[in-house]
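Before anything else, here is the set of structures, which you'll find just below.
In the two assemblies presented below, subunit A is common to both, partnered first by subunit B and then by subunit C.
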Partner chain A sequence: MVEQTVHRRNPDVSWRVIEGQAVLVFNIEGEVQVLNEVGTYIWEHLEEEDVDTLAGNIARTFAVSEEEARRDLLAFLQELRKSGALL
Partner chain B sequence: MDRIPSLEAFLVEPDPRFEPFGVSVAGLCVSFGVPPGTPQEPLREQYGPFLSEEPPAVAFQVVPGEGTYLEMAPDRFLRLEERPLGEGRLLLSHRFAAYRSGRTGVVRVSAPPGTPAFLQAVENVLRWTVADLALEAEGFVLHSAGIVREGRACLFFGPSGAGKSTVASFRSRSPLLSDDLVLLLRREGRFFAAATPFAGTLPQTEKHPGIFPVKGLFRLRKAPEDRLEALPRPLAVASLAAACPFVTAPADREGRLLPLLEDLTGQTPVFDLHFTKSGRFWSLLESEVLHGRADGPPA
Partner chain C sequence: MGRRTPLTPYQDLLNRAIEAAHPYSASLELTYTCNLACRYCYNPVQRKNQPRRAPPPPPPGPPLSFEEYVDLLDQMKEMGVLYLTFTGGEALLHPRFWDLAAEARKRAFALRIFTNGVAVTEGTARRLRELAPFCIEMSLHGADARTAEALTQVPGSFDRQMEALRHLRSQGLRVYLKVVVTRLVEDQLQRIRDLGERFGYPVYFDPVLTVSDDGDPYPLELMASDEAIASLYREEGLQIGNSPFEREGGEYNCTVGTGTFHVTPYGDVQPCTQWKQAVGNVRKARLKEIWETSPLLQEVRKVNRAVPVEIQRTVEDHAYCFSCPGLSRLTTGDPLRVDDQYLRVARIRRRVAEEENGRGPVNRVAIRRETVTRP
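Moving on, here comes the complex of A and B:
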């Protein structure tokens, strides 16, 4: 599967970072989700940074290998898309 | 098939013969002008202590509807849908369509005045409008039971079936704000809770129409033993957001509701309340929250 490099948040998802964790509210269903620190970093930067840049920055910021960062990033983006948080 | 009325359906000249009745929720007042001859008794019974003659923030005129608007859902659950229309917003259900723009609106109800379907239409429009007015007034409606202990409000929140009415039934002589929907308002930086007229399972006459500082928020969890567990603030905000009905516009949620919830959880402790159907959880709340270690904002 080829991972798209540009991601867009769904405008129907309201969000706010509280004490370093993003709280997502899905406006249609009224469901909510709380992201962990890494998830919040991705959520905040995914519209400005492509996958390669994101993976590199995650590796540096959270002291993990770039390979691991990329693998987890792709899985997380897929989860976000599946939940409807991304367009 | 759903039938969505056009804006023209709501271009109704105000009729001075219509009789207004106003409902006030902690000063947020909405009035409904009903056709002459509409039985007033069912409305008075439904809203008793909340009836008001204050100038309304929003005034609706209620006129006859034109059949069914939304088809019944296959599971027979009530369908309520909101959408923009012209410069205002439209709320639709099976038997009514309501349009509001600014401080006025029109409700078209396809049921004879005074019937249960008519009352339900008025109730839904009232909930929708009060939720909007609350946001404008730095507040929101929380799906919760509100009980006043020593002059301070404890709010027990969760979806239908979480145990709100059960908790309310163990309040002893403590005043009840609601067993279903409580209004929260921020006043001079602090949060207060007020009763709402919205129908729960307990009668209106059991509600106390005052306004009280919020002491604690408790997400309800039915359990084999009573215990309290502090909720981390992001989870507290998320849980509260999930318990705020009626706020559907993304801009309102993001720009107004979430900042309010962030402020609220910064000054008021939020817990998971694991409770049994015994009422013993009150002694836990007394020792841990009302007089105890959590007596104050979270660290």
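Moving on, here comes the complex of A and C:
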């Protein structure tokens, strides 16, 4: 259900933004994931902004259409949930 | 040593962090207290059952309080520290260990816990599992009680370590075992690796001993033979190094003072665990201020960048040589001069490589798995 208002990061995933890129450490699995600039923006804001706000901000910040931003955002959230990064 | 494989995006990012002096890792030495009395212990405060040339240094003041640690955790999070190591002494013996660990996890640090395992009971292992640390790194001292306890000088410590491994395994925790290769264990390397395998844990063998923090070289009396060091590089399946998290590539020698720092139980900030020089104290300045303005740290960063060039320039077996500037500083007074132990290891590695017809420098085993997600 990625359309829910806001999302929650999994507390078992440690993370920091390093040199502009979010590094996610999956403590249980022992894996590391590096997000690109857009992914980092989403990761940093997904607990405070709902999907509509996030999509609008991505469209403005990264100069893409809102439709494209929303489509990619939903796919990315789905991917994060599947990987266990989100509750 | 040339780059052997292309860097992954993660490795590349860490190297960029080092270039930018972003401290992505840090270690907190929570206590000097330890429940073992290892004959090679480098801590002059906790050295037990061994002759002393000087009395232990008095504590510089009270150790950091719980509240001071919590403030430090906030500061480190703000500075972008991701990997946080709790070490000691024996970290688990800190009276507020569990509270501190919980506070660290609340702040989304990836927690590494260094322990000798002796205090790990079934209940401890269960609490560790609930904590969800990134990993536990546990020292081993031999493949059997007789050998291990000749080093730890605590009867029963080996059996307690084996119990600890069973408990950690049953909780599904990720554990890396670490062995300093001394003459006491040099004929047991395969047995120790097999012991790790029985629990499903990798073993890392470190061929370099650390002198005491006060410069006393007594741990070197336990140095392993050339042949034992050679066997590390000759035999298949032995993983070498003092950490499972070796950095790859980049212009800097290591992370000292550029990607990492270390805080003693009394708040002194050091460039790393091994570089025993305070560049500031967290009771006198904020960590960020120390990190950004300490003239000593600026010097350390210059040294860190100069070390690979210096190795290339001065060491005949430079293709096989690493250097720890912190150790060099302790043993030679000059962090740029390669310590004799590393020169010895380089010489042995070269000999082994030549014997094996150009097998070349032995690759360290990378344990990281990583994926890159693009939305």
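The rule we apply is simple: the second predicted complex is superposed on the first by the 85 of 87 C-alpha atoms of A that agree within 3 Å, B and C clash if a C-alpha of one lies under 4 Å from a C-alpha of the other, contacts with A are read in each partner's own complex, and residues count from 1 in each chain.
One rule holds for everything that comes next: a residue touches a chain if its C-beta (ideal position, glycine included) is under 8 Å from a C-beta of that chain, and two chains touch if they have at least 3 such contacts.
Computed from a prediction, not measured in an experiment: that's the story for all the values here.
Colleague: After lining up the shared chain so the two structures overlap, which partner does A:P11 touch, if you call subunit B first and subunit C second: first, second, both or neither?
Modeller: both
Colleague: More residues of subunit A in touch with subunit C or with subunit B?
Modeller: C
Colleague: For A:I42, is the partner it touches subunit B (first), subunit C (second), both, or none of the two (neither)?
Modeller: In the superposition, A:I42 touches subunit C alone.
Colleague: By the touch definition at the top of the document, which applies to A:E66: first (subunit B), second (subunit C), both, or neither?
Modeller: Neither partner.
Colleague: Mind working out whether A:V32 is in touch with subunit B, subunit C, both or neither, as first, second, both or neither?
Modeller: both
Colleague: Of the partners subunit B and subunit C, which touch A:V23 in the superposed model: first, second, both, neither?
Modeller: both
Colleague: Quick check on the superposed pair: does A:A75 touch subunit B, subunit C, both, or neither? Answer first, second, both or neither.
Modeller: In the superposition, A:A75 contacts subunit C only.
Colleague: Does any part of subunit A touch subunit B in one structure and subunit C in the other, and if so which residues?
Modeller: Subunit A residues touching both partners: 11-16, 18-19, 21, 23, 25, 27, 30-34.
Colleague: Provide the residue numbers of subunit A that touch subunit B in the complex, in ascending order.
Modeller: Against subunit B, the touching part of subunit A is residues 11-16, 18-19, 21-25, 27, 30-34.
Colleague: Quick check on the complex: what are the subunit C residues that touch subunit A?
Modeller: 9-10, 13-14, 16-17, 20, 22, 24, 77, 80-83, 105, 108-111, 132-135, 174, 367-375
Colleague: Which stretch or stretches of subunit B touch subunit A in the complex?
Modeller: Residue list for subunit B touching subunit A: 232-235, 237-239, 241-242, 245, 248-250, 253-254, 257-259, 262, 265.
Colleague: Which of the residues in subunit A come into contact with subunit C in the complex?
Modeller: It is residues 11-19, 21, 23, 25, 27-28, 30-36, 38-39, 42, 72-73, 75-76, 79-80, 83 of subunit A that touch subunit C.
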